[in-house]
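By letter and in written order, the chains are A, B, C and D; residue numbering begins at 1 in each of them.
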Amino acid sequence: MADSKIAKNKIPELIKAVSADYTLYGPKAEAGIVALGRIHSAEELMLDYRNSTISAKELFLPRAEVVYEFDGQKFVDDKLPDEKRVIFGIRPCDCRALALLDRNFDTDEVKDPFYVTRRQNTIVVALGCNQPLSSCFCTAVGGGPFGQEGADVLMGDVGDSLLAKAITSKGKDFLARYGKFFSTAGSGSWDKQAKEARDKMSAAPTLIKPAFGGSELNIENLKSHLDNLFEDEIWETISCKCLGCGACSYLCPVCYCFDLVDEKTASGIKKIRTWDCCMFSMFTHHASGHNPRSANFARLRQKIMHKFNYYTERYGVNGCVGCGRCIRSCPVNLDIRQVLEKIAAAPSATKEK
Amino acid sequence: MTKENEKDWNPRIVAFLCNWCSYAGADLAGVSRMQYASNIRIIRVPCSGRISPLHIISALHRGADGVLVSGCHPGDCHYISGNLVARRKFNMLKNFLEHVGICPERVQFSWVSAAEGARFAALVEKVVEGVRRIGPSEIGTVAVK
Amino acid sequence: MTAVEEEIRKTTADLLAEGKADIVIGFAAGSLPMRATPCFITEPEAAQQLVWNSYCLNNLAVYLPGYFVPAPSLKEEKPAPKVAIVVKGCDGRSVVGLIKERQILRENLIIIAAPCEGMLDVDITQELVGTNEIVCAQEKNGEVTITDEMGKKTKFSRKELLAESCRFCKHRAAPVYDIAVGELPQSKDALAPDNRFEEFLKKSSAERWEQFSREISKCVLCNACRSACPNCYCKVCFADQTRPNWTGSGGELRDVISYHLGRMFHQAGRCVDCGACVRACSMGVDLRTFTYKLVEDAGELFDYTAGLDLEHVPPLMDFNASDSDSFITEPE
Amino acid sequence: MPQKKSDTIVKNPYRPILTTIEKITVENEAKDLKTFRLVFCSDEEANDFHFQYGQFAELTVFGIGECPIGIASSPMDREFLEFTVKRYPDGLVTNALHNCSVGTRIGVRGPLGNCFPMEQMTGRNVVIVGGGFAFTTLRSTIRYILHEANRAKFGNLTLVYGARSPGELLYKDELKEWEAREDIETHITVDKGDESWTGKEGFVPTVLEHVAPSPKDAIVLVCGPPIMLKFTLPVLTKLGFEPGEIITSLEMRMKCGIGLCGRCNIGSKYVCRDGPVFTYEQLQALPAEM
């Protein structure tokens, strides 16, 4: 199928038209933070952003959301989110994160109605990364700056216009619906653009070579390495400087662990789902006082294991998209790439079980 | 809180009173049939030194429009120095809350002895009047993002 | 490598080799430009990893209490280790505070004081540079040359790039130490103060509240501020308690505000204004405009500056019959 | 794994069904163990609630929170559900539950988790080993097996149950009833008896070794505090039980109960969804993080 193309000076019109039909979200800067927020006009839209400070998971798993209300006698009708949304300009890593979250929240056995409804009601229009950051490592974990997974439409910035191609039928409908803003440009130079971005990425780490000892991060055998490492002392070494905060998890587009809490209201109670984080000591604290992960190293181990071993075991893919937010946000510069590298190099990682 | 129903609004004020002086002072005001505003909800505590800043913040968080803390006059503490330790805490807390933009009338501290029923009644009137003037609590009415 | 760096490495190697210390906490090179990372050295050979540069921002004192509180799972009693720590002025003051609060043992500590001329903040620098990523920073005679990913070089004066708390810092040398490396700064002048705090004070109550609640609304409750703060060593933070639940579920802004009010006020008379909480925050919440009030008040009301010596009792652990009553509401 | 996109939205898995406390029984001398009998508020929900022995449910004290508790009543008891709950000083929900009185509304979300392996148990001898208050789902199992409609489906039933003291034994009336029955071999023991105690004294593993149930054509369900498990498992191995025939049930801090919230995992297994029932063989393959 031929690719579509929209001139950048047409974007304000597109935004206006889309806003009339959908609630529009996109990258915008507010109080020094770039996030995927409500877009009311094209001026707010910040398409030359590198990546958002906080990931797009907020739009599918809000920091806090009411899952039911009870007035003391009966339940108030559950309200499922009914907003029809378009997310315009989300990065491919965050899109891929959605595809990973689907594996947890939309399975054959269990479905989370809030997440699933939001996913169904949202059209994801991704924007490929021409200029990945030096902390990005999507290519090492199976994604790419022009990855398509999780997106309905993929766009690429080619100077004065944006190329667009539909990935899903939802995306096809989107491009058809707003076809008048797009011209058919024949086949776009996707491969070239994607290659350029990838080249930039492999070039970028050379600037911070110490992190990789001169080679690119390779996580090919990570799962089997981790199978051998649960009891290893490597965790205590790695976790030395970890402060045990939740910055990495809360900014991660894939970390989804949550808590359910009751809150009293004037007329009854509501059950609220909030973000939670395996790095907090209270996360697994039993009522009896027992805590299976009482030490910080055990919690960091859980975090790494969950992403690169347990997730892989359950869903066949590791739970990291390489967006680099955890690297940028870590107060003590605990770089997950270095952690993975240490794991790969651990003497007992390759031993026979 | 909209302008229209402002005049119907009755502030809810939590008063933490120490058992030995201020609570007895309140009691005296009561048995002496002194009139004072009924907006006060009293929580009796052993000593003003028992009051953690968290109690005060939590009261505002849970919807109190004002907080009054009162203990024995300095020098008269049943536990000798409970109120003196508390005083430093209260002083810094009051300044701090004002600093972040909470009106000075919102959280007030005073000393009332067991014999000062009239002082207690006047104090309550003053606190209620002050809170009424500044309106509902900042924390309680802060807009959800 | 600078002379100070060399001295730190040698001191570290000696302390470990002579068995005077079991572990030395310092900084190693970071994985990102303009970053250093905390580093824990237990073998003399590993001392070569240590660096001392303008990016050693973390307050290393945060790690100390952990060495003196046995992990809950460790049943057997182990003797407390001998810990050496490389400190700037702020870390050093935090160490003093922790000693006074009996969280760490002075006799098990070896405090290595290193010179600090204020640390450079990568986020502040990045903001000045613009959207292109910083890849390299070179410092010479108080000037910093930043190279961005496009190869463009920009010169800044060192003062422009200082971390916010460093601009105001009047105590850049550790007040209590065992070993000094290099020449400790003597000057008590702030490096590059601005009047942002004074500007805030001039605002009306409503404006201050507006700014405060707007800042706090950025918070996602990741607890990085709490985790990075050396003073936040409580075994169970009030915010994690369920009986009573002080701050609600975190679902509403007032919950977040209560958390921050409680956490900040717990620093009253203890905060050394190291700025660790502010820099730890990924969401850019400016906590310092508010915590600085506590630092000022401790000085003004009780003539106390946190962490300057081992003798003075922290103000909220003490009292005086002549303390001010001026904040008391008089009914008449 | 191929992704499954849902086309229809399922019911809200976080919303409990409503029940009312009908009866509260204080089980022990320390009064920190109470059995709550809950009745459904709607017949429809009562009819829809089908569980197997070994499963658990999330109990909600509205406005306080939720906690996962094993179902102690039998699947044959259609009119009510029973839960035996220990009060922990720091337990938010368990304290609230213990403060509840008859008539209080309680939310029940479940049944959750897997159950004791019914197929593996059918037609075979069943040995049940319990310690302390970890006896709740075992009691459910015993009640189920002893039901006249089911008893013939199982072989011999042997019970070894112990508690710290006579006052700490759960379901005392039922224990007496079982001791009098012919179709269950009951061995009740306490760590230390009192003046009135005429039964066995001694730890569960010791008594078990003495009773020495035959592993032949038998399956053993064992639940108890970690220390009891630690000493019981070697005894069972010594008696000749295969790790795959030793069944236990785990507990872990849980929130969602349906494998979504990422909290109760041991290795890649979620205790709430893949458990709480595991064979000793499965446990041996999991990391030691319990």
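Just so it is clear, a residue touches a chain if its C-beta (ideal position, glycine included) is under 8 Å from a C-beta of that chain, and two chains touch if they have at least 3 such contacts.
Just so it is clear, the structure is predicted and the values come from calculations on it, not from any experiment.
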Review point. Of all chains present, which has the mean Cα position farthest from that of chain B?
Key: D
Check your understanding: If you average the CA atoms of chain C and of chain D, how many Å lie between those two points?
Key -> 50
Point to revise | Chain centre separation in whole Å, for chain D relative to chain B (CA means) | key: 50
Study note, to complete from the structure: In whole angstrom, the CA-centroid distance of chain A from chain C equals 31
Check your understanding: Once you find the CA centre of chain B and the CA centre of chain C, what distance in Å lies between them?
Key -> 35
Check your understanding: Going by the touch rule set out above, which residues of chain D reach two or more other chains?
Key -> 65, 90, 92
Revision key, fill the gap. In chain A, the residues touching two or more other chains are 261, 263
Exercise for review: Can you tell me which residues of chain C touch two or more of the remaining chains?
Suggested key: 248, 252
**Study point:** Interchain contacts, given as pairs of chains that touch
**Key:** A-C, A-D, B-C, C-D
Revision key, fill the gap. Residue set of chain A touching chain D in the complex reads 67-68, 70, 72-75, 78, 80, 99, 102-113, 116-117, 230-231, 256-264, 268-269, 271, 273, 276, 278, 283-289, 292-293, 298, 302, 305-306, 309-310, 313-316
Check your understanding: Once bound in the complex, which stretches of chain A touch chain C?
Key -> 31-33, 48-50, 53-54, 63-65, 131, 133-135, 204, 207-208, 210-211, 240-241, 243-247, 249-251, 261, 263, 272, 274-275, 277, 280-282, 291, 294-295, 327-329, 331-335, 337-338
Check your understanding: Which positions of chain C touch chain B when the two form their complex?
Key -> 201, 205-213, 217, 238, 244, 246-248, 252-255, 257-258, 261-262, 264-266, 268-269, 290, 293-294, 297-298, 301-302, 315-316, 318-321, 323-325, 327-332
Review point. Can you name the residues of chain C that touch chain A in the complex?
Key: 29-33, 35-40, 58, 62-63, 71-73, 127, 131, 133, 135-136, 149, 214, 218, 220-224, 226-228, 236, 240, 248-252, 276, 279-280, 282-284
Study note, to complete from the structure: Per the touch rule, the chain C residues reaching chain D in their complex are 242-243
